[in-house]
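By letter and in written order, the chains are A, B, C and D; residue numbering begins at 1 in each of them.
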Amino acid sequence: MTAILRVLLRRLVTSLIVLIGVSMLIFAIARIIPGNPARIALGPNATAEQIERLSAALHLDAPIWVQYGYFLRDLSRGDLGISLYTNRPVTADIAQFLPATLELVLVAGVMMVAIGLPLGVLSARYRGGAIDNAIRVFSLLTVSAPGFVWAVILMLVFAFFVPIFPIAGRISDSYSIPAVTGFLAIDTLLAGDLRAFGNAAWHIVLPALALALSGIGQAARLTRANMIETYDRPYIEMARSYGFPEGRIARRYALRPSLIPAMTIIGLDFASMLGNAFLVEAIFAWPGLSRYGVAVILRKDLNAIVGTVLIISAAFLIVNVIVDLLVAVINPRIRYSQRSA
Amino acid sequence: MKRTLFILLSNPLSLLGVILVALVVLCAIFANVIAPFPSHAGAVVDFVNFNKPPQWPSIMGTDLVGRDIFSRILFAYRISLVLGVVVLSIAVPVGVVIGLAAGYLGGWIEYCLMRLTDVFLSVPPLVLAMSIMGVLEPTLLNGMLAVTAMWWPWYTRVVYNITRSEREEGYVLAAEVIGAGPAHVMFREILPNCVPAIVTKMTLDLGFVILIVSSLSFLGLGVQPPTPDLGSMVAEGARYLPDSWWLTVFPALAILVAVFGFNLVGDALREILGAEQ
Amino acid sequence: MTLLSLRNVTKRFSTPAGDVLAVDDVSLDVARGECVAIVGESGSGKSTIANMILGIYPPSEGEIAFDGATLPARRSLQHRRLVQLVQQNPLSSLNPRRSIAASLRLALDVHDIGARADRPALMASLLAEVGLPASHLARAPAGLSGGERQRVAIARAIACSSPLVVLDEPTSALDVLVQARVLRLLNDLRAKRGLTFVFITHDLAVVRNVADRVAVFEKGRLVELAATEALFAAPAHPYTRRLISAVPVLTQDESDLRDRFMESLNA
Amino acid sequence: MTDTLNIRDLTLDFKGHSGTARVLHGISLRIGRGERVALVGESGSGKSVTARIVLGLLQELRGVRVGGTVEFDGRDLASLTRRQRAALRGTAMSMIFQDPTSSLNPVYPIGTQFTEVLRRGEPGISERDAALRAATLLNDVSIRDSGRVLGSYPFQLSGGMNQRVMIAMALANEPALLIADEPGTALDVTVQAQTLGLMRDMVAAHQTSVLFISHNLGVVREFADRIYVIYKGRIVESGTTRAVFDAPGHAYTRALMAAVPRLTGGGIPEIDDASADFLAPAVLHAEAAP
């Protein structure tokens, strides 16, 4: 177990370094814009005095590394500044919009693994056969369009032509669920309203599937590729020489070892859904971080941009740390490594 | 080379890919010849024929200001491909050199370069491009800049991984023992062994650049009107679903067809050239 | 007439689990024109010795001298030219994406041997020396058999006329018939060019037939150093005896020889 | 008594892009009960594919055509269904591979893999009984701390230890035939010598027939009762080990023997690595009385 803790510790340290790097990167990008951010934020009708006040508040007159120092100091207090767009603390804005996005991404992530992985296994096991070809074409198709294209297609087919799913939103207007966690799956249950839970679940199917589709294809392709490589290993031949059933060989001898490299990449794909969620949210009018993100970017609301990107990157890194831990759990080489960090 | 081409054309799926890619590239090159209304690539308004379903001569219908959707798709291909080529011709050399250096030289150079790569990889690609586009003016040039900035780390990763394993090969040791310098080993010995993987990835990426540019445009952060772009066409049309379905469906299919074609070819190349993932 | 000398050479590798002593205080002289075999099993430190002689990494302690002059940790081109290498696996020692000509030419280019225009002819004569036709120059390694590839590797090792060649298990990846021919080729080249060999191997039967002297390594330490005849007549160290008695043999004479040491081991 | 294995006129063709390639040109070979028979040849001679045909693995692949007959325990393998052939593997016949460490599943401990093997012979065996049986079997291959070994992953054990594990597994279900494909070639010489000795004692004790595949004449001489020499998909010489080593009759066998460096010295002989004589008809020594 200590080996796993060591992996956790090492990953957390690198993640922190990377996160600081990300903050510097975003901060640098945010400060290289031509023109005075305060002027841009306040619009053309602002008075010189107003601009000056805001500039001082934003420490815009200090050298850039001093500005970054202020930024870090505030960040360590959990203060991402005030959004110039909503006039509220950025953290409050994010807290309001993030749960809806996370809920969508989590459901899509589960879909990606639950559908993509088995498809990849089938494909590798029946390599060269009809099943393999069908799955390969399917997964190649799914990775060939961005989430919003799938969103449009799914919406047309399953909400308009065959109206089984709702067109947009997170939950029907007739339900009013008090927001406790922001996660409707949890809030509806907290409110004890099973019908609302069902309604919310109904709403999330299409957006999550649209978001998940290319991930499903990616996971299937990756699993297949890794398993085919594993199928060439000597221990597969050894397993066959013992006459184990092919299904058992696929599961225990080909899949298990293949998961180790595949999971890392699947983790990356899962995390990049955080970005792609923006596309799907727009089509399905999903009240997540997307509308906020696009709005603040269009308005050049620096604090909000930096905050949004940082939070998404942090979520991305956290997902990757979790994936690395899972890999460590299934990989005996890491679990039993004698090496110290 | 000959063998590669032969295998590519003898498999029905990769043949389909080659055909699709050829079609898309031809459409892009000869857009002004093929398009029934070349002028519709710009800011043209035709209030007589606006929002028309598919009919002759507008086989894919017209948009809200009466422009021929088919013509606009052709020109959108042209811009996407140019963008893809430009992005890759900057991102690939940068990513490859960094990957080679980190993988071969090792030590603190490796540590710094790979952490830098991690930083870029830790921001979801779309978010990174969005934030760059957000603070810069949303022009085509800045769009390319943003997409390039998020693209090179993927090549670094691919080349870095190959370099790490090739570094252990006997031929690298042989070159070092002879006294060849790091530049020779990296570019003349190791790089040729990365080429199959790079070519494969570039083929796939030409498709993905189309995806990402259309995604940015979809959010209003990419190619700006009146320049045609598949992503913004889908975004505009989505508001008029399902009645004016042609506004979205054709540009969406155009994305799918082009990217699918590049993916089919890239996939086949990966199999033929034995390139790693 | 010492060509190469290792003086109290020690090599430590630091690993996360702590320092590992790969080579422990080894001193060894190799005379000009001699073939010294370095024998041992995995973990004996024989590859580490080879890498230090080649200058892949410097010793942690002690020094390596060539013709009496100590070699620095960072070797210049002149130093590189002193010693060349033939590796075990001819599949990996030639770049699969470069032609035979490109692989051979590197040695000539780096050390600026011959006029540019003469180099193709020079390469052809190198190939001829290892028994390959000049037409092989244009080929890729994949088009050659294992034995042919190993010949190319040998041609590359002699291309810049290095006096010393480290042979790292040069025939253990080859079939016996090919092995015999490559060993003969190496013998001939040594005689003709007056080369000095450091022959790294685990195969004592090969050692018996090619080496002048044998250095037996166990866990990084030099446990026995003797002239080949003497070593096989009366191996002094128990580990040497164990190694000899593990060799699978073909004839009764060999069995008898082996059994003698087996008995002395058990005694 | 029927032979454990009787191969008659076995041919093998691979169908590829550029036509069909014949790999085996009619091989005949028999192994009596409890007999240790070696198939010796260089790389690419067809010895390994022969082993895989006997196991029934190669027949499952596309683009492979197998001709001739392979009789195992008097039953023609071609007359069996795919399922019946699979049922023989791991029970009536088993195989030992070249590199023990990479032939064991890296993500399960030895104990789990051992239980799987034992369940091939006795499907209902409990975890506890399997562990006990495994411990006994490991004891037979001189592994004393079987508890630690069963709880370890392959990468935690030495190559020699994994080789012993593989030997114990292969003999766990008392197979009639053991196929050993270049066993221990990846190991150090001293370890290889030890494990080969161990394997010889084990098969002798269990009366197991062995098909021993090797390129190393010295190893073969010490292990086998009879040998077949194979060159480019043809058997060129066969006979008792003693007969073949004392009086090699075929040009190829003679070249092969001459090429092996001798521990007693004598230099490296000058021999060709190819010759028309190598394709001369086979030399079949009289078999020793059973």
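One rule holds for everything that comes next: contacts are C-beta pairs under 8 Å (C-beta built on N, C-alpha and C of every residue); 3 or more make two chains touch, one makes a residue touch a chain.
Remember, it's a predicted structure, so these values are computed and weren't measured experimentally.
Of all chains in the assembly, those touching chain A and also chain C are B, D. When chain pairs are compared by contacting C-beta pairs, A-B ranks highest. Chain centres here are Cα means. That of chain B falls 52 Å from that of chain D.
Taking each chain's centre as the average of its CA atoms, chain C and chain D sit 32 Å apart. The centroid of the Cα atoms in chain B and the matching centroid in chain C are 49 Å apart. Shared interface positions of chain D, i.e. residues touching 2 or more other chains, are not present. Within the complex formed with chain B, the residues of chain C that make contact are 54-56, 75, 77, 80-81, 83-85, 87-89, 92-98, 103, 106-107, 110-111, 153, 156, 160.
Here chain A touches chain D in the complex through residues 128, 233-235, 237-245, 252-253, 256-257, 260, 330-333, 336, going by the rule given at the top.
Here chain B touches chain A in the complex through residues 13, 115-116, 118-128, 130-136, 207, 211-212, 214-215, 218-221, 231, 234-235, 238, 241-242, 245, 248-249, 252, 255-256, 259-260, 263-264, 267, 277, going by the rule given at the top. Residues of chain C that touch chain D in their complex: 41-42, 147, 175-181, 183-184, 187, 202-206, 208-210, 229, 232, 242-251, 253-254, 257-258. The touching residues of chain D, counted against chain C in their complex, run 42-43, 188-194, 215-219, 221-222, 245, 255-273.
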